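In what comes next, subunit A is part of two complexes: it sits with subunit B in the first one and with subunit C in the second one.
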Partner chain A sequence: MKPLLPILGGIANVLLLLLVAPFFQGVLRTVTARIQSRKGPPIWQAYFDLLKLLGKEDIESGETPLMQRFAVYLSLATVLTLACLVPMGFPVPMNGVADAILLIYVLTLSGVCTLLAGFAAGSTYSLVGASREMLTMIALEPLFAVAVVIGAVHTGSFRLDTVLNGSVYAAGVPVSGILMLGVMLLSFQAFVQRAPFDISEAETEIMEGPLMEYSGPKLALLKYAQMAKLIIYSALFVALFAPWGSGLPFFLGWLVFWAKVCLLVLLVTLVAATHARFRIDQALRYFAGLLGVALFALVLAGYGY
Partner chain B sequence: MIARDKLNLLKDKFGPAILRADLPDDGRLFVSVEPSAIRDICRYLFGDLDARYIISIGVDDRPFSGKFLVTHNFAFDAEKLLVCVMVHLPAENPKLDSITRDVPAANWAEREIRDMVGVEFEGHCYPKRLVLPDGWPDGVHPLRKDFAWNEVPKDFEEEREFEFDEPPAGCTVVPFGPFHPTLDEPAHFRLYVEGEMVRGCEYRGFMVHRGIEKLAESVLNYNDIPMMAERICGICGCVHSVAYVQAVENAAAIKPPPRAEYIRTIMLEIERLHSHLLWVGLACHIVGFDTLFMQSFRIREPVMWIAEKISGNRKTYGLCLIGGVRWDITAESRAELRAVLDKLEAEWRPLVAAVLKDRNIQKRTRGIGIADKTACKRSGLIGPVARAAGVDIDCRRDHPYAAYDRVRFDVITSDGGDVWSRVVVRAKEVFESIEIIRQCLDKMEPGPLQLGIEDELPVGRLGLSSVEAPRGESHHFVITGENNRPRRWRVRAPTYQNLQGVPAMIKDQQIADMTISLGSIDPCFSCTDRLETIDLKSGATKIWTEGELLKLVRTKKA
Partner chain C sequence: MMTPEQAIAASICLCLAGAALTLLVARNRVVAGWVAFAITAGSAALICWAVVHVFTNGPGRPAQFLTMPAVGFALRIHVDGLTSVFLLLAACVAVWAAFYSIRYMDHYADYSVARYYPNFLLFLAAMYGLLSTTDMMWFFFIFWQMMTLPGYALIRFEYRKPENIRAANKYLIMMQIACLATMGGAELISATGGMAGGSDAAKYDFDTVSAHLPALLAQEPLVTGLAFALFLVGFGIKMGMWPFGQVWLPDAHPAAPSPVSAMLSGVMLKTGVYGLMRYFLWLVPAEARGDFPLTQWGLAVVGLGAVTMLTGTFAALRQTLTKRLLAFSSIGQIGYILLGLGVCMMLLGATEFGPAAALAAAAFSGALFHTLNHGLFKSLLFLNAGSVLQATDTQELDKLGGLMRFMPWTAVTALIASLSIAGAPLLNGFASKWSIYIAAIRGAPVCGLLPLLAMVAIFTSALTLALFIKFFGGVFLSRTSATVAARAAGQPTLEVGGKMLAAQAVLAAGCVLFGLLPLLPLSLIDRALDSSRHGFGSLLADASAVRGHGLSGLIAGDSQSLYAPLAVAATVALMFALARLLARLGSASRRTAAPWLCGYVSEADIHRYRPSGFYSELTRLFDGLDFARRRAGPPPVAAVTEKTKEPCA
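Now for the complex of A and B:
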């Protein structure tokens, strides 16, 4: 393999992600509006919003502006790095370079960025938001890791292209894979930080929490990272749990992949629009239950189911 | 008879301390008592006779009687009686025993009298400044008659800051307000927080004083005031205008024509409809359920349109005059109103069914923000908050006014005392309101809208009126006066009492539940902050330029 190819593929994925993320945000908002009997913004509104925020004055009102700047750049950079490790219609670009362990680490890092942003801002509400984010992370991050590890156990490899190709079902009787599919479906809202698990931002309680002290371009980058996260997690979900059709010829396979992502985004929208926000303690109890099931699935996977 | 019975009870028990009494009709009792006996009498009324505390009012009566007047108002809801216990205090150094040890609900009212009129309450449990702005000099009392409505005290200290209490050990302070996206109005709760748990709070409100009561007794006249009263609140304005007009009518013994009473009833219920629909929407928004928020507002919108069709305005109907109303509900509007009600009922039923079945919402509201019967009695809580705790009170039935004695309706109660019960009570009250409006439309007969009032209104009479606002009892007190305006007009909005119950509701629960607990009383800070000081910040000596302000907020240094 030529060394240039992974790099070009990575860049292609990053550009694609940057391009489509606001579009899916627009889809999400339009569909939400329809569910709420509203007309909603134009589907391109998310692009305009980002442009508008990028052009606005940058007010550094937090406690440690330097850290804040770092947190913001890091959070977008992390998500863009993820774009190189996740198949998005094509095979994983950085396949030979990275493995599933790195993927898990970078996923965790993207959560840490929100923490960092909150703690760096240092206002009361940011801190409350950050502490909620931390609690959520502790309960949530193992779930994805378990899913990836189950895939690795079944296939005996940590290679990205092997794991991210429906590997969870690779066992003869894919009990653990189906269990994990359920767990991930039930916790997916939390990974993409939508209702009922938008707890760490909760506008009506703690005024956007960690995002509170960010404005203008910094807010734009954080929002961009958030939109991109929705796509990344959807792509990961599709790759891990719904890989069917990825073997199709180039363009057809690509279309099928994005259709699945779109379906997932619609599901997220529907759930978000029909649920009230959980309180942090309720959410943690809920995650704890899921974590129990996930660990059970891991044990099953160890025995080859 | 009831009024006479109560008076006899008081006379038997306190004998010579009861100086004078006035029983203008069976729903009102005004008793003048010896200042030294005030505490015992109030304890007897509140404790032994189980009266509900409404409000205390301070009046500077020196130009007329040479004395200060303080009255404590109580209600006997089951017996349809409102009682004023009045004391006259000397012009020099007025002092009175505080009743807060026996009647905790009087906490704010007595502090307000101390701020505004300058009567000292001895033995008050928490005698801290309540209403006046932070820099206001001590010893200057804006509601005294020798203080002009447009006066600015010379030694106002712009820089003086409010002294907050020390938080308890081990707690951090989370500021909730002065501006918060769910409040939409300025109010400041300093929450004492341990982890995510709220251990206590201090409230500082009264930030948007508009001098309404002072204006009423010094600038406006009787028929200007309903327009001003309506602007006390952006949600329950009509309630205040009706309550004021009824208080004056009560004082002057005027009875408006029946058609006017029906029109008032209809508009009050239209107001309740839109307020309840708005509240259910906001409650859903607070717990993060925006779909129901939007649907609720969609269903509400035709109510606003029909209000505009009838009155010319979505809100602020400009309805009341002393002795009647200003406009009629035409036959065309009546037909449209019926259609709107039918549609509303058809749409509201499935929405309520959806809310009542939703386990997600119940998870966030059951057992949250609890105020039980004891708390309601202690803090004088009213309206849906009290009814949700099983306290069966509703001014529409208990102290009937307008045409409420001619319509049938149920008073909805629940027994949880939590936020969920308040949701249920409000959601169901919508159906009762729809029924009331329908009955009014059926029973309304052609007739005059206003009473011709030939003479000047009598001077020095007292009038009381309690109107059931969407959020609870709105109580107005009027003393009629010279120059075609009242001597004193006191507005007690429902939030004034309900807000005093909030600290107990939010104690020992999570910060996440703070907003919905506070939201569940449907707080109306503009109603509570109606008071009579002049906004000095805007017109005072130091004027901030935009640049300075920006610098201040960005660098946290002036």
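Now for the complex of A and C:
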């Protein structure tokens, strides 16, 4: 195996993610504005926002600024590492050094960094937001893990290229896969932290929670990580549940992949623009129900369905 | 040339002599501390020598001391690979606990150390003995009591607090029940059947029992079943398995001085793990596989493991005292070890599934690796809690906060331990959980419920994360509490002394080392299995468990799963550098300021968002699941007692 290819693939994925993420954010904002009969900002506004923030004054209000810096840098770093673990039109770059279980845990780690950032800032609103974010993670990590584990049970493998290729449907009658598709569609807004599950940020209520005390380049990094997560989760969803077309010739397959991601982002936007936020306890009850269905699907998968 | 068995006997004698010596010099706290440390280090050196000897030359013959053939009384010691791993863990944790004690015991100025160091050394000697004796009756009893009674004295060290006495009494009673159960089991499988000779000196020896067991299993399945159930109960009580663990463990751990809590949780619970592994997998000869219902026992252990981890971690989420929280999380982590062991047993019982043996070995390595890891990070966490206790004089999470500013090094080690126990990638907890998950999920063809149990473990891992975010965030991050501010007034730092920091730093380094190079401990475990070929152990040794590949990476289960921590670490480091570069791109200026409080000038202590308030939505949602709720300690303190409003100037 040539070691150069995965490295090049990783660089390509990371650069692609960094370039595209603000664009999708722009699309999201524009479409939301249209739905609400507003004109909305220009589609490139997210790029300008980031550039502007990078030059603004950086106010550190936590008790331990070093911890704040560490948490924020690591927050973007884990998301960029995820870019190397997820197929984004190209094969998975880090296929040879990591498997699906690592993927589950790095996804969690990226959330943990935001939490640590919130805790390090230490304002009451940050802590309320961090506590809510943690609760959401407790419910969401297993949901995604069930999807991956069902794929692993069906294919008997944890390799990223095997699992992240529609593996949930690999059983003869993919009952568990279809159940899981429903569960993931119903919880996808929460994975990408958009309404009705933007509970931990909740601008109108706790003023962006964990992000509240951040400004300047740190806020830029945290925002960037959030935008990138939308792409990462969309790519994961497409790879796990909508793999059709991945066998096409290179450029065509690449286009089909990004078209699917685009569709998913539009769906997220549509739902987010038309739904009101859940309360945290309502959301938890909702997730508990979904988790029950997901575990049932997992048992089905264990017995070969 | 000394044999490993003689080295173990010597280290036990050394500890006994040390106990007497520390009693003599106990008037001088510092001297007693150094003597205890020197004795512990000496015994640890002997242990290490024995372990290295076993790993390089293979196990020797069992050695016999103090023989009294009339009643089957003889101290038989045998050191094989399995024993070696546990001895190594005990020695390594004990050395740093003893080193930490030298300064930590200053905290208890009005209690004499004459009741501390001698008991500590007796406790340690007993663990060495219990892990290496092959006698299932007399010397099992002697070492068990030698571990229980000094343990009792150590737990009630602060005897002026009535709750500590109660905790110690509970511990004593539970350990005696466990002792009775285990000895009853031993009597059942050695006295019944064709070997009621009575005069045989080796009647209760592992080898004798093992030789008679196939016949007994075939003739008396009920009696042997009862005996193994008693073993499961006895060792289950010791290791804190549900439903027994909740009775004694969360009271005993916080009551003891912190280095003893570290020893209790890091090492003593592991003697129960050792017992289960030894009795269920090594005692029964592999050719008796047809008569021994290994799959059913495995299912029982897996089920108990899942319940143990879930209930332990849920109960931990409610705790408001640092060490009590850590004690409940020990129960949760024991659940992982049980799960790994149970999955291993189930897969060993299934002969028709192709990769079963390899996956069983992966599950076993995972369980044993997690045992080592838990020994490292949980003892570190207890030492962290001890440092916080010494610096602030409180265990209450609600009174702590913002300590990272005043105790930066303790905070960094606590962060490493917290992330390790939560299973963050690149640290040791992840590597061991990884093996267990893989074996459980790939074991689906043997039992369709195994992936579900792996899912329970992944869910518990998320709960553990929440738990340690609460612990670390509540104690070291968030805002400085009034208690901490009062303590820190007039001094730049609350950091504990260099000796205590050194002990914490070494354990934290162990977590990072095992996390980045998991092949190191895993090949140690491989070697251990190779030098303890008895019973099912030989099946495990023959199967390829987790193998290395390339850059210290791991491969398990027909290379269908792989994890190369160094490559992942390099990627994360590179991305970290990229993020840092990005943040510096605009050369933004930096300034510190107080957080924005919606117009209030400063924050009153009662307005802080306290750890007891975290996750209340979840604990309320899952009230029904928490079986240990009644014992979960006092409810959170009702907050507002005085009105403190400081409006905008």
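The criterion applied here is as follows: the second predicted complex is superposed on the first by the 305 of 305 C-alpha atoms of A that agree within 3 Å, B and C clash if a C-alpha of one lies under 4 Å from a C-alpha of the other, contacts with A are read in each partner's own complex, and residues count from 1 in each chain.
One rule holds in what follows: a contact is a pair of C-beta atoms (placed from the backbone, for glycine too) under 8 Å apart; a residue touches a chain by one contact, two chains touch by 3 or more.
Computed from a predicted model, the values in this text were never measured in an experiment.
**Q** Tell me which partner A:Leu74 touches in the superposition: subunit B (first), subunit C (second), both or neither.
**A** A:Leu74 contacts subunit C only, not subunit B.
**Q** In the superposed arrangement, which partner chain does A:Tyr169 touch: subunit B (first), subunit C (second), both, or neither?
**A** Neither: A:Tyr169 stays clear of subunit B and subunit C.
**Q** Is A:Ile280 contacted by the first partner subunit B, the second partner subunit C, both or neither?
**A** A:Ile280 contacts both subunit B and subunit C.
**Q** After lining up the shared chain so the two structures overlap, which partner does A:Cys84 touch, if you call subunit B first and subunit C second: first, second, both or neither?
**A** second
**Q** Is A:Thr124 contacted by the first partner subunit B, the second partner subunit C, both or neither?
**A** both
**Q** Per the contact definition in the header, classify A:Ser61: touching subunit B only (first), subunit C only (second), both, or neither.
**A** In the superposed model, A:Ser61 contacts both subunit B and subunit C.
**Q** Contacts for A:Val97 in the overlay, against subunit B (first) and subunit C (second): which applies, first, second, both or neither?
**A** In the superposition, A:Val97 touches subunit C alone.
**Q** Which partner does A:Phe257 reach: the first (subunit B), the second (subunit C), both, or neither?
**A** neither
**Q** Tell me the contact category for A:Phe237 with respect to subunit B and subunit C: first, second, both or neither.
**A** neither
**Q** Comparing subunit B against subunit C, which has contacts with more of the residues in subunit A?
**A** After superposition, C is the partner touching more of subunit A.
**Q** If you lay the two complexes on top of each other, which residues of subunit A touch subunit B in one and subunit C in the other?
**A** 59-61, 124, 128, 131, 280-281
**Q** Enumerate the contact residues on subunit C facing subunit A in the complex.
**A** Touch residues, subunit C against subunit A: 401-402, 404-405, 408, 411, 419, 422-425, 430, 434, 437-438, 441-442, 444, 447-452, 454-455, 458-459, 461-463, 465-466, 469, 472-473, 477-480, 550-551, 553, 557, 560-564, 567-568, 571-572, 575-576, 578-580, 582-597, 603, 607-609, 613-615, 617-618, 620-621.
**Q** Going by the contact rule at the top, pick out the subunit A residues touching subunit B in the complex.
**A** Residues of subunit A touching subunit B: 32, 35-38, 59-61, 124-125, 128, 131, 195-196, 198-199, 202-207, 273-282.
**Q** Along subunit A, where are the residues that touch subunit C in the complex?
**A** Answer in residue numbers: 10, 14, 51, 53-65, 67, 72-78, 80-81, 84, 94, 96-102, 104-106, 108-109, 112, 115-116, 119-124, 126-128, 130-131, 134-135, 137-138, 141-142, 145-146, 149-150, 152-153, 156-159, 162, 212-213, 216-218, 220-221, 224, 280-281, 284-285, 288, 295, 298-299, 301-304.
**Q** Looking at the complex, which residues from subunit B come into contact with subunit A?
**A** My answer: residues 172-175, 180-182, 196, 284-291, 293-295, 298, 358, 360-361, 363-364, 510-515, 553-554.
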